[in-house]
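In the two assemblies presented below, chain A is common to both, partnered first by chain B and then by chain C.
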Partner chain A sequence: MARSPLCTPRDHLLSRRQWLGATALAGASALAVNPLTIAAEAKKKGKQVLFVWLDGGLSQLESWDPKPNTPFGGPFRAIPTSVPGIHISELLPNSAKQMHHLALVRSLCTQDNSHSAGVERIQRGDPKNRGVTYPYFGSAVAKLLGSGDSGLPPYIHVKPLSGGFMPKDAGFLGPKFGALALGDGKAPDNLLRPETMTAEEDNERNELRNLVDQRYAENRRTNTMEATRYVFNMAAQLQKRRDLFDISTYSPKDVERYGKHEIGRHMLIARRMLEAGVTFVKVSSFGWDTHGDNFNGQGSLVPQFDQAFAAMISDLHERGMLEHTLVIAMSEFGRTPRINGHLGRDHWPEAWSLAMGGTGIKKGAVVGKTNDKGTFVATDEHDIGHLFHTWFRALGIDPKKTEYDNEGQPLPIAHEGCKPLTEALA
Partner chain B sequence: MRPNRLVLLLATILPSFTVAADLLPPDRPIESVIDHYIDARLATSKSKAVDQADDYTLIRRLTLDLVGRIPTPAESKAFVESKDAKKREQLVDRLMASGAFVRHQANQFDAMISGPSSRTSGIRDYLVKALGSNKSWDVIFRELLVPNDDDAATKGSGEYLKTRITDLDRVTNDVSVTFFGVNVSCAQCHDHPLVQDWKQDHFFGMKSFFARSFDNGGFLAERDDATVKFKPTKGPEKTAKMMFLTGKTFNPPARKEQTKEEEIKERQKFEQAKKDKKSPPPPSFSARAKLVEIALQTEEAVFFSKAISNRLWHRFLGYGLVMPLDQMHSENPASHPELLQWLGRDMANHQYDLRRMIRGIVLSKTYSRSSKWTGDIPPAPGVFAVAQLKPLTPMQLAASMRVAVADPATFEGKPEDVEKRLESIENSARGFAGNIAAPTDDFQIGVSEALLFSNSDRVEKEFLNDGGDRLIGKLKTIKDPTQAVELMISSTLCRPATPDEKKLLTEYLQRRTDRSADAQRQILWSLLSGAEFRFNY
Partner chain C sequence: MPPTTPAPAKGTLKAAKPIPVSQQLCGIEYSPKGDMLVAGTFEGGIRRWKVTPAELTDLPPLAGHNAWVQCVAFDSKGERFFSADSWGRVNAWSADPVQTKPLWSVADAHSTWIHAMAIHPKAEFLATAGRDNIIRLTDPATGKEIRRWEAGDDVLAMTFHPSGLSLITGDLHGLIKEWDHSTGKLKRELNAKQMFLHDRLQDVGGVRCFAWNADASMLFAGGCQPKSGGFVQGFNLVIGFDWVSGQAKMNHKTTNEADGYVLDMHWNPDGFLMAVTSGQPGQGKLIFLKPGEAQPFQSYPVPNAHSLAIHPDGKRLFVSATNANSSGNGRQLGKDKEYPANTSPLHGFEFVG
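== the complex of A and B ==
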């Protein structure tokens, strides 16, 4: 059977021989380019990422790929956007006005239709299984781009419910590249120095710690030693920037524009984190799993997302930040065209959509299309591996020339059977 | 032509039996065998072994590794000052005879078996009982895989499968990873692309041993029949055979065709047990019990015996003979293949006696090397020329902090009383330990830990208060600042203060005589939050 040039869900198995051939080539070119040089280059340009995660599954039919007046289309209309020819759901009126900054992918076809598997696989880029746990996109970017000059953690996750440090995201990269989660957008626990201690005393005790550590570090493996210094410095930096977490200093006008709902508040905090120089900011929104009453569910959630997302795109553009910031909004899968007995839509990895924009992304591009009923992808199908290639390229990282080094085990940063979506790249 | 897979596999997996004659004799002490093989390899490598660790470091390392805390100042002093040639053996035997050894090893095995995320109290409780009564590793393996809910003596062991059985792919891989050092998860979708050993037949063969098991209202049940089918990458769908990792297959007893009535009756039996909240009726033939039996047969047991040897080695040396721990296969050979074979054979020959192996490892010179190296480039970890730094586990860290901030005088007295005091300290450390991340390979401390240490009032209240039995309380009674510094360093870092430290910290205190208690707290905080305290070095 001839292998399609694209890695499609049903055809992603390579023979051992092909695979070895492919890695031999990849390995040879990896030697030519030092990942550190790439990181340094990208850092110079100050690349950043905003990753909006709509947990549970945004309905493509009620968002980026509407099919009005078809059996599965649902009650909402399609509206024109700032890009002639592109129509999206009427639930996204604000994003429609920003479409000239965005690109859509309507040809996603992925592997998992369960949350438990899909959430992880999508965010880890579904690489080939090599017995290691791959990092989430945020940890991958934190590793490949570093934390820049902000001194802040490279990967911050603004999410509902609880916060804390989430080392799990980092997989084999090691917990250093995990996410610092701001539960309900609030500052991390223990951010503030105890009132009984002055800044001077705090500095003194940290200096003492550094002195004692220095003696100990001599002729011992330095990376483990630096681990303590690295995190204590980061903790100190977070304390200095506690203004970032003080919601009372946000302008009332911005609060109004982004929306007082959860995703609005969280998106505004995310903007501040990006402005402060955080490399990767993830915003999660929960409750998108509309198995029942889909049209009221998505009908109320999508407009909230729309308000916050469009305000963000517009602000990033006005500040010139879209030039160096990659923006992605997506879920773990889409929702079934078929409307179930509870007026809901179930999980549908077969044909769904995402929006992206910013650095490296072609403005106003639309990749792929679904058939008339929206049930399947009518053009080439694209698995998440293709998107990882696309995003890395957009950030100036060549997945063919960069690989991870997992204690001597070279590992590709994206599925080596996939390719970037060149039609979406600027 | 490609060589037959099985021949290749056996040639690489079985040499422990085919060339057993070439290994060092089985009756040689474990520690001497370890040093023999490690030194032999070092002799041919560019790296040179560093010196042995000093006594202060050694007692700290042994105490942390064996009983999960730092030594008290009195313990360190007694060990360092002793001139007894057998003092190291005596220390090891004393620590291993204590209840703390059982509790700490139970924590370690719990982390190894349950993984960092899915810890349940039941498995740890079971492990404390099992290790306390000196159960061997094969018995623990059997009790985890074939648990008996009605047996009070093994209560808790069933949680291992209960928490996994709803996901058969996960059980299959977890069992292979933990007990056989093999990760077959890739072979789920296709033959392993890199490792000739692992085929889809292996994954589904292993899965077949679990396919009859299921959750029956919170109880583990096993039916008499179930087939695993899979779609190979080429050709038509296949029915999996029960197959162990060595390729050994097993045909379960044939079952006569069930009538509809019999089927209904069987279903009712399980339903009734569910209603009564009782253990379901046992199967006439247990596939899981068969897996345990096969895995422990002489030829098949190489996986089991090498995997536990490698894991114990990794626990005490900080780096496995095979790395990663779940990648034991022909294309990822051990750094010291003969040593791993010898250790595996020793495990099997001595009924998988965990204590015996642990004692042997920690008495070796390889174990007691310094963690400091000289020269520009550190030796590769796999040559074991220098000791690895091991981050403390949450319980090791919390218990050690508690020991460090106690008034050393409270550890003087009758050994039984000290033991009791240490146990209560250990219990009181559990809460704080919940805030600390469990270490993994390539461990990095999270920023939340730094924030916790820097700003949480927990650290202040739990460790830096001036209660009567606390170090800070004791320091109040000491007028001489140098003496105070010496006491703080020896209590926390388990060694005497260096001249530089004495000078620097004494000056620090002298400049703050107007707030000496605060200054002492600052010093104590910096000692507890530093890298030296954070690692077993």
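== the complex of A and C ==
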């Protein structure tokens, strides 16, 4: 797919035409074109997303698309799954038992082989360049589906290391749609009211802050102030739900099932956030960039993901939550079939895989195929734009009928040159 | 480690032109008679070469394994050799170059990747271990299991004490364990935890190879002091233990974090270690190291050297390495737009003069 870094008049024409078309449709059916109305529909169904991000690049050959006994296949075997005919790496024995809830895409062929570009492009859906920064998928869903009735932030990111509010995810949507990051799954710093301050004193302070904010806002951009207010309101909401952060209330059995390792702990926190009604929960795991000693590395990393991911899928199913929760597990690219001298695999965007499941996704589907050695996609190639179309569809949002309104500029929510993977949709 | 100690080597080491091999190789090993070189491949095969002082001649490859054949080793008489793969199979083969069928084969010796194999000095046992955390003792004559026990970790390196009285394992977490192989009981542990790092989610490093000095008074453990997971940067590390006391008496660590692992070592009867190293793509060496000296007294660059085979005459050796430019993010293709595979050229060396 050819890419130009600049927007062209044609891009604008297309966009305008789509907007006009959408406006015309609005006359016939306001429901079809009003993103807020569509979002409201999805909201009624309580749609949620769990997005598991394996930062650095999960090896497709040691996970969802093994090629055992081939020159690039590595040391591991493939094992059968709960879906006859689907085999995955022996490093994923627990996920193999959950395959009937999942779908695999083995035909990803994306644009970037560097982390710096790939992470952004993949998570923003790689739309056509129109001179604006598109939102990450989490921010997009936060915008389109909102917070639901939970009163909690719509986009929570459970990640290693530090936390805080991450407005950059939101792109042109404005900082309000950024992610609230829980560093190591912990509550934001200074969330709770100090014990030395009474509730009344806290209220008085907040009233004073609102007054100052209003005066400050008079000469400021609206969305900046909205974001500021939003963060304070979010903090107030979170103060009411401090129970969410109390890890002592997790059952020891669940802690064992998910694993005491970082990704296990974080996935368990994510489950609680989903149970509490958070619309979009992202779990990030770092350290998947296995350029050296890949096979011992994947042998250490993948089983931890497998334990936590499979436990989550099982729990979401048992709770009936897979009916309304879209689950995605992916990286910014795959890893080279070629095994380098340090026994590592490098970056490979040409042919890689992801797993997904839950609402709107066809159970047990496999989209696409790589060639016998796993070097290239042997069927139609799919870029991230196709996945954004697929995921929006799965969430009940029609990317053809829904557009962002960037201060008057209509913008498509997914790349117009791509389309959903219908074979992955329920 | 070789079942027999090679003769002392003297003279200047001369490098021969590397011999191309069209596949990537795991371990390589000379037969005790010095007439055959064998190597396991990444593709479930075993390559064999007839060895003469002048050249290596390809012998028919052996099939009967899956995926990576990481371990190959001859018994001390040189009549048989054994191989183990990453799907848990162990095979025994005749050293007769005409024979291409295994003498015996055990498909499920282990449930997964066999990382390490060692042969008892009197060929009473064949020991294997790997990712399933199991140590298995096998009758080398029949393939029949004699004993198995829990190793407690992923074993990456293994050797018998030259007396044959105990079995020593080195694991992912940097523990060296001495086992009574007649009972499977742990006798003692030596600490090589410098060779392990838990980085984010990843367990990195581990003891990768062993060598004994001539009188078995010192055990040398080779590996890496890891600095990070992912790229797996780290420093070459060799720790020498006084075998009686278990005290570390030697600690050779390099200063370049791209150096990576010491992956294979042999003792030269002239009183030094010969070792190969592999780090970031392109980084690798053949080094000669005297215990007690801070730096190797000789060092030859060999890209990503993985295994070292010493001819019994002590004068010749081969290093299996990796071709240059073996790394590559992105979309590099070969001259004919084919997807490029890496290979393991054999670097031959000879002591002359």
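The working rule: the second predicted complex is superposed on the first by the 360 of 426 C-alpha atoms of A that agree within 3 Å, B and C clash if a C-alpha of one lies under 4 Å from a C-alpha of the other, contacts with A are read in each partner's own complex, and residues count from 1 in each chain.
The rule we apply is simple: contacts are C-beta pairs under 8 Å (C-beta built on N, C-alpha and C of every residue); 3 or more make two chains touch, one makes a residue touch a chain.
Because the structure is a prediction, the values reported are computed rather than measured.
Student: Which holds for A:Ala276: it touches chain B only (first), chain C only (second), both, or neither?
Tutor: In the superposition, A:Ala276 touches no partner, neither chain B nor chain C.
Student: Report for A:Ser300: first if it touches chain B alone, second if chain C alone, otherwise both or neither.
Tutor: second
Student: Tell me which partner A:Gly73 touches in the superposition: chain B (first), chain C (second), both or neither.
Tutor: second
Student: Quick one: is A:Asp213 in contact with chain B, with chain C, with both, or with neither? Answer first, second, both or neither.
Tutor: First partner only.
Student: So, A:Thr228: does it touch chain B (first), chain C (second), both, or neither?
Tutor: So A:Thr228 only meets chain B here.
Student: In the superposed arrangement, does A:Gly174 touch chain B (first), chain C (second), both or neither?
Tutor: A:Gly174 contacts chain B only, not chain C.
Student: Sort out for me which residues of chain B touch chain A in the complex.
Tutor: Going by the criterion above, the answer is residues 117, 183, 185-186, 188-191, 193-194, 233, 323-324, 326-327, 371-374, 378, 389, 391, 437, 440-457, 460, 498, 500-501, 504-505, 508, 518, 522-523, 525-527, 529-532, 534-535, 537.
Student: Provide the residue numbers of chain A that touch chain B in the complex, in ascending order.
Tutor: Per the touch definition, chain A meets chain B at residues 13-14, 16, 19-20, 128-132, 153, 164-165, 167-168, 172, 174-176, 178, 180, 188-194, 201-202, 204-206, 208-209, 211-213, 215-221, 224-225, 227-232, 234-236, 238-239, 407.
Student: Once bound in the complex, which stretches of chain A touch chain C?
Tutor: Residue list for chain A touching chain C: 56, 68-77, 90, 113-114, 160, 261-263, 285-293, 296-297, 299-301, 304, 336-344, 346-350, 373, 375-376.
Student: Over in the complex, which chain C residues touch chain A? Could you list them?
Tutor: Touch residues, chain C against chain A: 23-24, 42-44, 66-68, 70, 86-87, 112-113, 131, 154, 172, 199-204, 206, 229-233, 260-261, 278-284, 303-304, 321-323, 326-331, 339-342.
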